[in-house]
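Okay, got some structures for you below.
Same chain, two partners: chain A is paired with chain B first, then with chain C.
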Partner chain A sequence: MAFLDIAGIAKSFGKSRILDGLDLSVGKGEFTVVFGPSGAGKTVLLRLIAGILQPEAGDIRIGGTSILSQGPEARDVGMAFQNFALYPHMPAFENIASPLRARRTTEPEIRRRVHEVAELLRIGHVLDHLPKQLSNGQKQRTALARSLVCSPSVILLDDPLRNVDAKIRYEMRQELPRLLRAVGATVLYVTQDYKEAMALGDRVGVLLDGRFRQIDTPAGIYGAPDDTRIARLFGDPPINLIETAARDGRITIAGTAFPAGAAPGAGLRPEDVEVRFEPAEDAVPVDLEAVTPLNVRTVMLLRAADGTEILASRPEDQGDDPGRGRRRAWARLDLGRALYFDRDTGARLPAATA
Partner chain B sequence: MATLTLDAVSKIYGPRLSHPVRAVDTVSLALRDGELVGLLGSSGCGKTSTLRMIAGFESVSEGTIRIGDRIINTLRPAERNVAMAFEGYALYPPLTVRDNIAFSLLRDRIPKAEVQQRVAHVAALLEIGDILDRYPQAISGGQQQRVSLARALVRRAQLSLLDEPMSQLEPQLRAVLRARIKDYLIEHRMTTVFVTHDQTEALALADRIAVMEGGRLQQFASPTDLKRRPANFFVASFIGEPPMNLFPAKMVRENGGLAVEVLGEDGTPGFRLPWPHAGRDLAEGRTVHLGIRAHEIRLGAPRPGETALDGVVVANQWLGDQSHIALAVAGVRLTIVTDRALAAPVDTRLALALPETALHLFDGDSGLAIAHGGRPAVAAAA
Partner chain C sequence: MSFGRILRGILLTLVGLFFLFPLVWVGLMSFMTNADILRSPPSIIFSPTLENYAALVAGELSTNVGALKIDYMQNLLNSLILSAGSVVLSLLLGVPAAYAFARFKFRLGENMAFTMLSFRFAPPLLVLLPLQLYFQDLGLSDTYIGLIWVYQLITLPLILWIVRGYFEDISEDIENAYRLDGHSWLRTFLKIAVPLARPGIAAAGLLAFIFAWNNFIFALILGSSSIQPVTVGALAFITASGINYGQIAAALVLSILPTLALALYAQRYLVEGLSLGAVKG
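On to the complex of A and B.
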C-alpha cells in the first residue's frame, strides 16, 4: 500500500500550468528519484508536499490521511535544499536543532538527537562551527542533518548535491541510500543528473510536461524507456535514434540491409555498437570521424555512407587503438538489444510487433 | 597552422605590493602544429589567465609566448592572427547570426561563395543552421555560445583559443558535437588551446591536457598518460570519474619483503599489499599514498602477479553502461567499476584481484609519483 500518495495534483503560476494532473504513489521506506529537465516542476512538487505551496486540485496523503489542511510546521516532512539555506549566524549545532526548537523539544532531547544525526553524517566534530567555517560538503551534511533531525516519515531532498564539489558529490552518491535507509525514511529526491537518478533511486519518476511520464526502476527505464524523449534523457553518450526502412523482410539501417522484422525507427545504445577495423559480416561500413575518451569509456563518432551518424562506446583499454583521425571502420549493431519507436509519436513499440 | 610556445610564463598581479599574487607561475608549454590542448583546472587555478595572455587580453609579467618563431608578448590581440571564442566576447547585436559568423571571412576578402559554403558547414556542424537569420538577442544563451564557437571555427586560423567552449551545451548534444568539433579541428589542422573546468570535455577533445592548480602546471600529458601515469597526488585525485582510490599508507616489512600498509580514515591499519619491487628508495617506515584505479580492479580469483582482496558491498550502483561498486575492505573504502550489472546487493562478500598495473605510489610529503604499476615513475620534465 502506498505510504505517500499524490493524486491529480495541478499547480499553475500565472498562465503556465506547471503540474497537470500529477500522480505518484510511494511505498514506506522507498527511495524515489524525481528526475526531469530544469523547469519541469520538480521543486514545485516538493514545495507542495512540504506545504510551502498549495495545489489548485488534487490531494496529498501520508499514511492514508490528507495533509493539505496542515500547515508546513505540522506536516511530518523534512526538506533540504540545493543552496543549503543555513542560518549564517548560527553554529552547525543550532542550525540542525532549529526544527526541534520550533517544536519545543526539551534541551536534553535536542542534544541527544542532534548528536545522533551528526554522528551518522560525520559532522560531530564541527557542530560549533559557523556555516562560513564549514566546507561545502559539511554545509550540505548540516542541511541534510537538519532535515533528518525530527525523524520525519517523509524526507524531501531538492538536488542536494548540486553545489558540492565532484569528490563529495561522488562519495555522497554512494552513501546517501545507506544513511537514509538507516533512519527508515521515505525519500523523494530531485535531480536533473541521470547518473545520480540511476545510482540512488529504488525507482525513478520521469517528470515531463507536468506529469510523470514513466515511473520504473533505473534498469527498467534505461532498458525499456517508454518513448524517444525519455530514452535520450538516460545515457551519456545518448542513445542513437536511427531512421530505418523495412522491405521484403529485411530492415535497412544506415544504408545496410539486415535480416530482421519491420521497424519504423531503431534506438541503439552506443555500448551496443561494436567498432571493427576490418570488414565484418552484418556490419555497416562507416567512417570513424572522431575518437573522444569519456571517463572509463571511449566514444567514437561514426558516419555511414548515407550520412547517418552513429555513436559507439566501449570500455577504454579494450580492442585496437582507434587512433586520432579519420579512418575506415565497420559498425556491428547488436540488433537483439535495439529498441523500436513509432516514427510519429515516438512511443516505444513492443518487441513482438517490431 | 602553427606551433605555440610558452616559455616560463608568469602572471603577477600587484607586483609592487608586499604580497604580489602569482596567478600563473612559470608555466612552460610547447604545442605542436595542429595539436589540440586543454587547460584544465578548478576555478582560480590560472588556466583562464594563461589563455588571456596568449590572446593578448592580459600582459605577460614574465617569460615569452611565441607563435611559430615570432614572440607575441607585446602584440595587440588583433595583430596575433588568432581566432577566439571567449565568454563575454560578445556577438555583434546589429548583425544576424549568419553575418556574425561570416564577418571575419568577409573582412579578409574571402570570395562570397566560399564564405557562404563555410558558414553553412560550421552551422550544420554545430546545429545552428535553423537560426542563421536571427539576431543574437533572440536566441538562447546556449545558442549564443555555439554561434561564438562557430565564429572562431569558421576562420580556420593558425591558432584558435576557446574559453569554456561547450559549458552550456545540453547534455544530449554534447557527445556528438564534441566529436564533430574534434573532427573539424583535426581535418583543418587547427592548433587549438581551450580552457575548461570539465575533465570529461578535456579528455574528449584534447591530444594533451595541461592540468593546473595554484597557478602551476601539474602535468602536461595525453589523456591516457594522465590516467595511467599521474605525475602527482593532485592529478591522481583530480582526473577520472570515479577518481583513483587513494589512501594514506606506509611501507612495512612482511615475510622478509616490503609491503604497503593502507591506513583507514582514523589512521588504523587496513589491508596490506606485498610490494616486491625492492631497491627503489622505498625504505620501511616511509609514508606514501597508495592509488588504485577503480576500473582496473577485477572481480574473482587472482591470476599470477595479482593480489587477492575481499570486501563487503556497501553500495552497488548500475548506471546503464557501467556499475560503480563501493566495498569495505578491512575497514577501508574501495570503489570498483565494472562494465556489466552485477547482482551483488549490499552486504555481499566479493573476491577481488588487484593487477600490478592498477597500483600507484606517491610520496607522502611531496605527493610526487614514486611508482606506476611495479615500475618507478619517470621524473617529470621539470
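On to the complex of A and C.
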C-alpha cells in the first residue's frame, strides 16, 4: 500500500490552474523525483504536502490518514527549501536542533542527534557559526540536516542543489541517495535538471500541465517516454524529432528511404546517430554544420539535403577528428532504437506498429 | 582630495551648524544668568552658573517679585511615565497587529490598517473637545491611563505601519520552515518574526517615544498639573514678572536627555542587519 498517497489535488492561483487533479502514490522508503520545467507546480505540490498551502480539491494521506486538516507543525514532514530558509539569528546548531526542541527532546539527546547528523553531512566543525558565516554548500547541508534530524515520515526536498556550486552539486548528487537511504526516508525530491532526476530517483514523475504525465524509473522514462514533450525534456543534447513519410513499406527520413514499418514521426537520441565521413549505403547524406566538444562527448549538428537538422553525439576520443569547418558527412541512423510518435497528439506509438 | 569631496564637507558643516547651533546655544544658555542671556551683543564669554538647574531641582523659581513654586521634576517624571507607558502599550498592541496585517489577508484588512493610519490625519483640536467631555464622564480625565489611551492615537499607527513593513520583508519561508519543525504559529511569531523584525521594532518604538514625548496639545487639555508632561510644564516659566530664559534652557536640556539616551541605546538595534544573509536571493 502506498505510504504517501495524493489523490486528485487541485490548486489555482488567481485564474491560473497550477495543479489539476494530480495523483501520486509513493511507497515507504521510496525516493521519488518530481521533475518538470519551471512553473510546472513542483514547489506548489511540496507546499501542499507540507501544509503551507491548502488545496482546493483532493486529498493527501500519509500512512492512510488524511493530513489536510492538520497544520504544518503536526504533519511530521521535513522540508528543505530551495532558498535554505535558515534562521539567521541562530547558529547552525540551533537551526538543526529546532525540530528536536519542538518535540521536547532532552538536552543530551538533542546534542547527540545534532552532532550525529552534522557528522554525516560533514558540517560538524561549523555548528557554532551563524548562517551568514556559512558557505552556500554549508547552508544547504545545514538545511538538509534540519529536515533529516528527527527522521520525519516524509522528507520534501525542494531543488536543494539549485543554489550551490557545481562541485558541491556533483558531490551531493553522489551522497544524497546513500544518506537518505541510511535514514530510511520517504523522499520527494523536486528538480528541473533531468540528469539529477535520473541520477537520484528510484522513480521519476514528470509534472506537466498540472498532472504527472508519466511516472516511471529513470531508464523507463528515457527509453520509453510517453510523448514527444517528455522525450524532449530528457536528454542533452535533446532527442531528434524528425518528420517521416511512409510509402510501400519504406519510410523516408530526411530525404533517404529506409526499409521499416509505417511511422508518422521518429524520435532518435543523438547517441543513436553515427556520423561517418565516407559515403555509406544506408546513411543519410548530410552537411556537418557545427561541432561542440563537451569534454567527454562531442555534439555535432547535421543538416540533410531537405533541411532537416539532426543532432549527433559521440564519445570524444574517436579516431577521425570531425574538424571545425563545414564538411560533407553521412549519418547512420540506428532505427532499431528509434521511438515513434503520433504526429498529431505527440503520444508514443507502441513499437509493434512501427 | 577632489573638489566634490571638499564641497561635500563644506555643505555638511553648514547643515550641521544650522541644525546644531540652536542646541549648542540652548546648552550654553542653561549655564547663564538671565542678565548674561539678555546682554547685547550676546557673548559666549561668561561665568557659568548652576543656578538654573538648582532652581529646577529644588522646584523654586525665584523672580523679582518673590519665589514661585514649580514642579518641573514631577513634569519630567510624568513625561517619562506617559511616553514609556504609551510606547509599551502600543508595542503590545501594534506588533501583533502589524504581523497580522503583514502575513494574513483577511476581509477589510487593508481598510482597517488604513483607518489606523488615518487617525494621524485628523487635527488633534478637532477631537479634543468631544474627548474632553467623554473623559469627564468616564472619569478618565486627569489620569495617566486616560492620557496614555489618547497617546495611542500618536504612537499606535506609527508602530503599526513601520513594523508591518519589516515583517513583510522577512522571508515567509523562514517562518514556514519553523512551523514545519513542529512549532506553533505563536512560537514562530515570538522566536522568528519578532527577533528578525527587532531593528524595525526598535526604530518604531524610538520614533513613537519621541512623538509622545513632544506631544503638547492632548496633555494641555486632558491633564491637570499633577500629570502634565514637560511640554506643558514649561509654560510655567513664562511668569507675570517676565520670562526666565535660563531656567527654560536648563529645562530644555533636561527634557532632551531621556530621548537622547534612548536614541543612543537603541542605535545598535537600528543598524543591525535585518535578514543577516539567511536567504539567498
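FYI, the second predicted complex is superposed on the first by the 352 of 354 C-alpha atoms of A that agree within 3 Å, B and C clash if a C-alpha of one lies under 4 Å from a C-alpha of the other, contacts with A are read in each partner's own complex, and residues count from 1 in each chain.
Criterion: a contact is a pair of C-beta atoms (placed from the backbone, for glycine too) under 8 Å apart; a residue touches a chain by one contact, two chains touch by 3 or more.
The structure presented is a predicted model; accordingly, all values stated were derived computationally and were not measured.
Colleague: Given the alignment on chain A, is it a clash or a fit between chain B and chain C?
Modeller: Once both complexes are aligned on chain A, chain B and chain C fit side by side.
Colleague: For A:234, using the defined touch cut-off, is the partner it touches chain B, chain C, both, or neither? Pick first, second, both or neither.
Modeller: first
Colleague: In the overlay, answer first, second, both or neither for which of chain B and chain C A:277 touches.
Modeller: So A:277 meets neither chain B nor chain C here.
Colleague: So in the superposed three-chain picture, is A:178 touching just chain B, just chain C, both, or none of them (first/second/both/neither)?
Modeller: A:178 contacts chain B only, not chain C.
Colleague: In the overlaid three-chain picture, which partner chain does A:3 touch, first (chain B) or second (chain C), both, or neither?
Modeller: The answer is neither, since A:3 touches no partner chain.
Colleague: Looking at A:258, would you say it contacts chain B, chain C, both, or neither? Reply first, second, both or neither.
Modeller: In the superposition, A:258 contacts neither chain B nor chain C.
Colleague: Is A:219 in contact with chain B, with chain C, with both, or with neither (first, second, both, neither)?
Modeller: Touch status of A:219: first partner only.
Colleague: Which partner chains sit in contact with A:292 here, chain B, chain C, both or neither? Use first/second/both/neither.
Modeller: Only chain B is touched by A:292; chain C is not.
Colleague: Compare chain B and chain C by how many residues of chain A each one touches, and report the one with more.
Modeller: Counting contacted residues of chain A, the larger count belongs to B.
Colleague: Scan A:132 for contacts with chain B and chain C and give back first, second, both or neither.
Modeller: So A:132 only meets chain C here.
Colleague: For the superposed model, what is the least distance in angstrom between any CA atom of chain B and any CA atom of chain C?
Modeller: Least C-alpha distance: 11 Å.
Colleague: Hey, which residues of chain B end up touching chain A in the complex?
Modeller: My answer: residues 42, 171-172, 174-176, 178-180, 182-183, 186-187, 200, 203-205, 207, 223-224, 237, 240-243, 294-295, 314-315, 317-322, 324, 326, 335, 337, 339, 341, 346.
Colleague: Considering only the defined contacts, which chain A positions touch chain B in the complex?
Modeller: The touching residues are 165-167, 170, 173-175, 177-178, 195, 198-200, 218-219, 222, 232-238, 269-271, 289-297, 299-301, 309, 311, 313, 315-316, 324-326.
Colleague: Which of the residues in chain A end up touching chain C in this complex?
Modeller: Contacts found on chain A: 47, 50-52, 71-75, 77-79, 81, 83-89, 98-99, 101-103, 130-132, 136, 139, 143, 146, 150, 163.
Colleague: Which part of chain C faces chain A closely enough to touch in the complex?
Modeller: Contact set of chain C toward chain A: 171, 173-174, 176-185, 187, 192, 195-196, 275-280.
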